[in-house]
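Look at the two complexes coming up: subunit A is in both, with subunit B in one and subunit C in the other.
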Partner chain A sequence: MSIRSLVRGGVFVAALMALPLLGFEHWVLNLMIFTLMYAAMSSAWNLVGGFAGYPSLGHAAFFGLGAYFVGLWFQHHAVVTGYEPFLVLPIAGLIAAVVGFPIAWIAMRTRADVFAIVTITLLFVAQTLAFNLDSLTGGAQGLAMPTPPFELARFEWPFYYAMLWILLASMGITYLSMRSKVGLSLDAIRADEDKALGVGVHVQGVKVLSFSISVALVAMAGGVWAYYETFTYPQFAFDPIITIGMVLMCFLGGRGTLWGPVIGAFILVPGQQYLAYRLGGSQFYLIAYAGVFLLIMLLMPRGILPTIADRVRRRRAIAASSEGPPPADASPPTAGPGSNVPVPSGGAA
Partner chain B sequence: MTALLEIVGARKAFGGVRAVDDCSLTVEEGSITALIGPNGSGKTTLFNLITGYLKADGGEFRFRGRDVTGSDPGRLYRQGLTRTFQQARVFPHMTVTENLVVAGGYSWRDLLVPRVLGRDRSRADVLLEEFRMTHVAELPASELSYGQRKLLEFAAVLMSEPRLVLLDEPTAGVNPVMIDTMERHIRERHAAGVTFLVVEHDMQFVMRLCDPVVVLDNGKEIFSGPPSEVQQNPLVLDAYLGT
Partner chain C sequence: MTGSVHALIQGVVLGILTGGVYALMASGQTLIFGIMKVVNLAQGALVILAAYLSYTLFTSFGLDPLLTIPLTTVIMFGLGVVIQLVFLRPLKREDSAQLSLLVTFAVALLLEGFMSVVWKTTYRSTNTDYANSSWTFWGIQFTVVRVVAFVLSLVALGLLFLLLNRTKFGRAVRATVQNPMSAELLGVESKRVAALGFGLGAATAAAAGSVYGLLYPFNSGSHYDLISELLSIVVLGGLGSVGGAVIAALIVSTSSAVVATVFSPTWSSFTFFVILILVLLVRPQGLFGTVERGAL
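And then the complex of A and B:
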């Protein structure tokens, strides 16, 4: 880990840890909770959609699964201190991972657009089940959670920190996988899966594992969300907008990078709220939202981070070639130019 | 010599087209066997059947005396059977070294260790030295020329110390100097004990390098023998020139 990435990570974590202490108003913290939630989920989605190259549109099914799990758990258990729902989050994650494993095993036999369609079907199946399994989920009536017994001045804090922990877990897992042979395998799978299979990469295992871990993180975010909202309805817990949000933020910031999904979420979530506020309660803001997104995709089709990293690298290459002697392209006997040529992998780390 | 790879009665049809039709073939241990035939004779399909990329409709495949019918490419790779592709398939965004390391055949337990360990790097360095690619070790593979990518793909499959390497048109689309380079590397590896099965259209290359030569036509083996005889065989001439 380089000093620079350590400092960058440290400042990021410290700033987010300290933010609630600065006495912001409730609406700011509310906005931050949703920003962190989407950052965490987009970062988790990135493991499958960005690194493995499997554009899942079904992740909201696992968001809803986590939400309903926490909702159902507290139909039978009491909330006393107010922190109990956070303690069951690991169970929600584990259940999502276990449910996600066989689903991924089958769905990941398809690729690209077909995989996207198969997974979005999963989302609608899950929503339909939530609507119709009345005796379990309460159907369209929804599930009520106990009201969190936190003091009003600091009401948002526990939710804020829970979302922050899930975000840090997502980023930590992403960082570790990028640095390990998991990341190497995922890179190979994304680039050319058939070739990867032919050189002995554990293709099926690695991609199914990354899906499982990804949906576990998303389910934990869903669990926190259910408690924060105190009401869970099928149409909001299994909302295609949630899936699309994760995907868009990851595309915007840069797929397959550590910081891309986080940057995407920090731009889009407040941006969406601002547009909704300016354009009123109608759905007009969604059109403006789409417009912003189209503009960025037009200018930076690979996302913000890879585009900037490319520009920096090109400028450095130009600077390097205008200074010293031009790098030899034959085969120099010494260390050669390879040692100082920037490599794209980990460029955003 | 013993048979390293034996195929008995392999069949594969695509709709009504019998691409490989009751084909039997043996690759002897320590040989450089050529597989030639006119376009559409089933060479590529047979390659895909041998390496597990396609499932055969029928027939038996034995590698190192074991039945490997229906094995997937990864499993065959770990048993020592590997291939290169006609279009030089490498991973463009990974560095040359990473392209070698990813093919190094690591196990489940190794998944959490760093991308490129010290021992991975030293193994890769030996191969890069052999292929004279040390100076591009840290470049992304996308920056290599087509010929260099072919060399890289070849070097990468050697990371697993294979027993049998299938080369799909190793000289297609590369310049004459690179063809000589490729030939030299095949000979060096052959001397080190690797067996080859080569699909190739460059007949001079085949005649110089390979023995025996197997000729395929309409999905069947029609000839197998030394290169000196293949040019005189009436069946082969008929297949290539038609009547």
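And then the complex of A and C:
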């Protein structure tokens, strides 16, 4: 099992590391940057929303925080080699963690629904502040970043690898926490927080820690995004769609799993681009997006991976009881994740 | 000195008058939470939808937005029932509280998308001929629209109060809020109450929406501003407490108007968040909330 997951992880990393070298067109790399960004952020969201069971709707606030931090930093610092913005990303993450810590500490003393209320309010307050504090943020005019001085043929590479590193960090932290006491504590909190507290889990500490790490990762992705876009506007940096994207991908792939958010992102981001391309106007796109979300919530609330895992387990149980050779049944279900994706056409209600 | 006192009084007046509308919107939201334990993130979108409905009735048929409230109330009630039946009732899992939160968020986005397709994204406002007139007493300005809005909200809240306290349906609702299981044992059909209760919560958005359209320019994205304000109010009042929501609406709206007039409008939207955080620090169950069960 662990050999298998090692191979799976190795192939995944190697394939993504090699992808830019294969000479794809710019739009493919552009799409991949956004896919990796959402995969990283959805993985990070999973730490809080999936493992601890606290549905944060305010992660986009930290995405915007990271974006504006990098944007503001380079109002006062020059970009020479082009790689400086990537070097300040850890600071962006640290600031997000420092800002997120007290908020999580206060909001997580209450139940999950009040937590969701606080986080979504935080998102809109952050957006309004970005609009209103125009002497600092430029308000609705936005904030311009220096143009990245990379050669055109390899323009996307640095952003691609930056997003990839954030994704790998996110997945690595998820993997380590799943293998450690932290993961067990988070599981216990999601199952029954009062009982977890009763048996001696450091409930508050673990929750707040996972929130801080989670928003730090999201803020770093926001920083890369701001540099890649070169322009940061309040309505795009603090977009509720970013929050909903993270949540949706995590739900689609499977909450509380290592690969779920990644699978969700690899299905939804290209799907999203396709929808935007086919439907043109952003309004229909919003309807379709919300429609897909509702379909997933109603039809497959546990997500692809847990649903498949259940099916495999059931088949194995059947196979074991009817004396068939068990290893033969292990392979077919791995082929099927795509077939479980709801068709986006049923969007309008 | 007198200038700042004057501004303070003007802020308080403005806050109280606006608070009536917020009280109406928040009462619907807190009612839905009380009955179903669902934080309805679509409440803001429902208000904006109602604002568009009365805007269209006004611009296309010349009907006064205040007179069309009964009609929009019926429409919003029906829509609320449909949303509950289609999207919320099927959620039958142990973590349905978390799922319902996300489902209502998706419903909000769906409504936003629908509204931006139908009415585009340019800002609209319902400009009646009395929209800009005002009375002035002792140097304090009372806008006609705001006074009307305040009175109207009081009337709507009064009707809601009567419905909850003087009818059989209201009793069933209150019983469900207090203890769903006992209510069901005593013969309350909780599924029916949930559907009608969601409808009722959405119906309060109708009157609130008509008034909102008179007071502020709005577009399909305006529900984002509304929802964070409404949620802060509902948490301050105590989730599930209608009376608490009314008082909290007045408190939040007044303090935010005072901050806007005395300091700067920039920080007034931040007031909501500060109040929310303070409530959670000092009294997480809100002013009138109970720790265990909801209370009306």
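Throughout what follows, the second predicted complex is superposed on the first by the 310 of 349 C-alpha atoms of A that agree within 3 Å, B and C clash if a C-alpha of one lies under 4 Å from a C-alpha of the other, contacts with A are read in each partner's own complex, and residues count from 1 in each chain.
By our rule, a contact is a pair of C-beta atoms (placed from the backbone, for glycine too) under 8 Å apart; a residue touches a chain by one contact, two chains touch by 3 or more.
Computed from a predicted structure; not experimentally measured.
A.B. asks: Of the two partner chains, subunit B (first) and subunit C (second), which one does A:Leu129 touch, if any: first, second, both, or neither?
C.D. replies: In the superposition, A:Leu129 contacts subunit C only.
A.B. asks: Under the stated touch criterion, name the partner, subunit B or subunit C, that contacts more residues in subunit A.
C.D. replies: Subunit A has more residues touched by C than by the other partner.
A.B. asks: Scan A:Leu184 for contacts with subunit B and subunit C and give back first, second, both or neither.
C.D. replies: first
A.B. asks: Does subunit B (first) or subunit C (second) touch A:Phe284, or do both, or does neither?
C.D. replies: Once the two structures are laid over each other on A, A:Phe284 reaches subunit C alone.
A.B. asks: Which partner chains sit in contact with A:Gly198 here, subunit B, subunit C, both or neither? Use first/second/both/neither.
C.D. replies: After superposition on chain A, A:Gly198 lies in contact with subunit B alone.
A.B. asks: So in the superposed three-chain picture, is A:Pro90 touching just subunit B, just subunit C, both, or none of them (first/second/both/neither)?
C.D. replies: neither
A.B. asks: Regarding the shared-chain residue A:Thr110, is it in contact with subunit B (first), subunit C (second), both, or neither?
C.D. replies: In the superposition, A:Thr110 touches subunit C alone.
A.B. asks: Touching residues of subunit A toward subunit C in the complex: what are they?
C.D. replies: 53, 55, 57, 103, 106-107, 109-110, 112-114, 116-118, 120-125, 127-129, 132-133, 240-241, 244, 247, 251, 281-291, 293-294, 297-298, 301, 347-349
A.B. asks: Could you list, by residue number, the parts of subunit C that touch subunit A in their complex?
C.D. replies: Residues of subunit C touching subunit A: 37, 39, 41, 86-87, 90-91, 93, 95, 97-99, 101-103, 105-107, 109-110, 112-114, 116-117, 121, 224-225, 227-228, 231-232, 234-235, 239, 265-266, 269-270, 272-273, 276-277, 280-281, 284.
A.B. asks: Under the stated contact criterion, what part of subunit B meets subunit A in this complex?
C.D. replies: 51, 53, 72-74, 77-78, 82-83, 85, 89-95, 98, 101-103, 105-106, 108, 110-116, 132, 134-140, 156-157, 160
A.B. asks: What part of subunit A is in contact with subunit B in the complex they form?
C.D. replies: Counting only subunit A, the residues touching subunit B are 176, 179-185, 187-188, 191-192, 194-203, 205-206, 331-332, 336-339, 341, 343-345.
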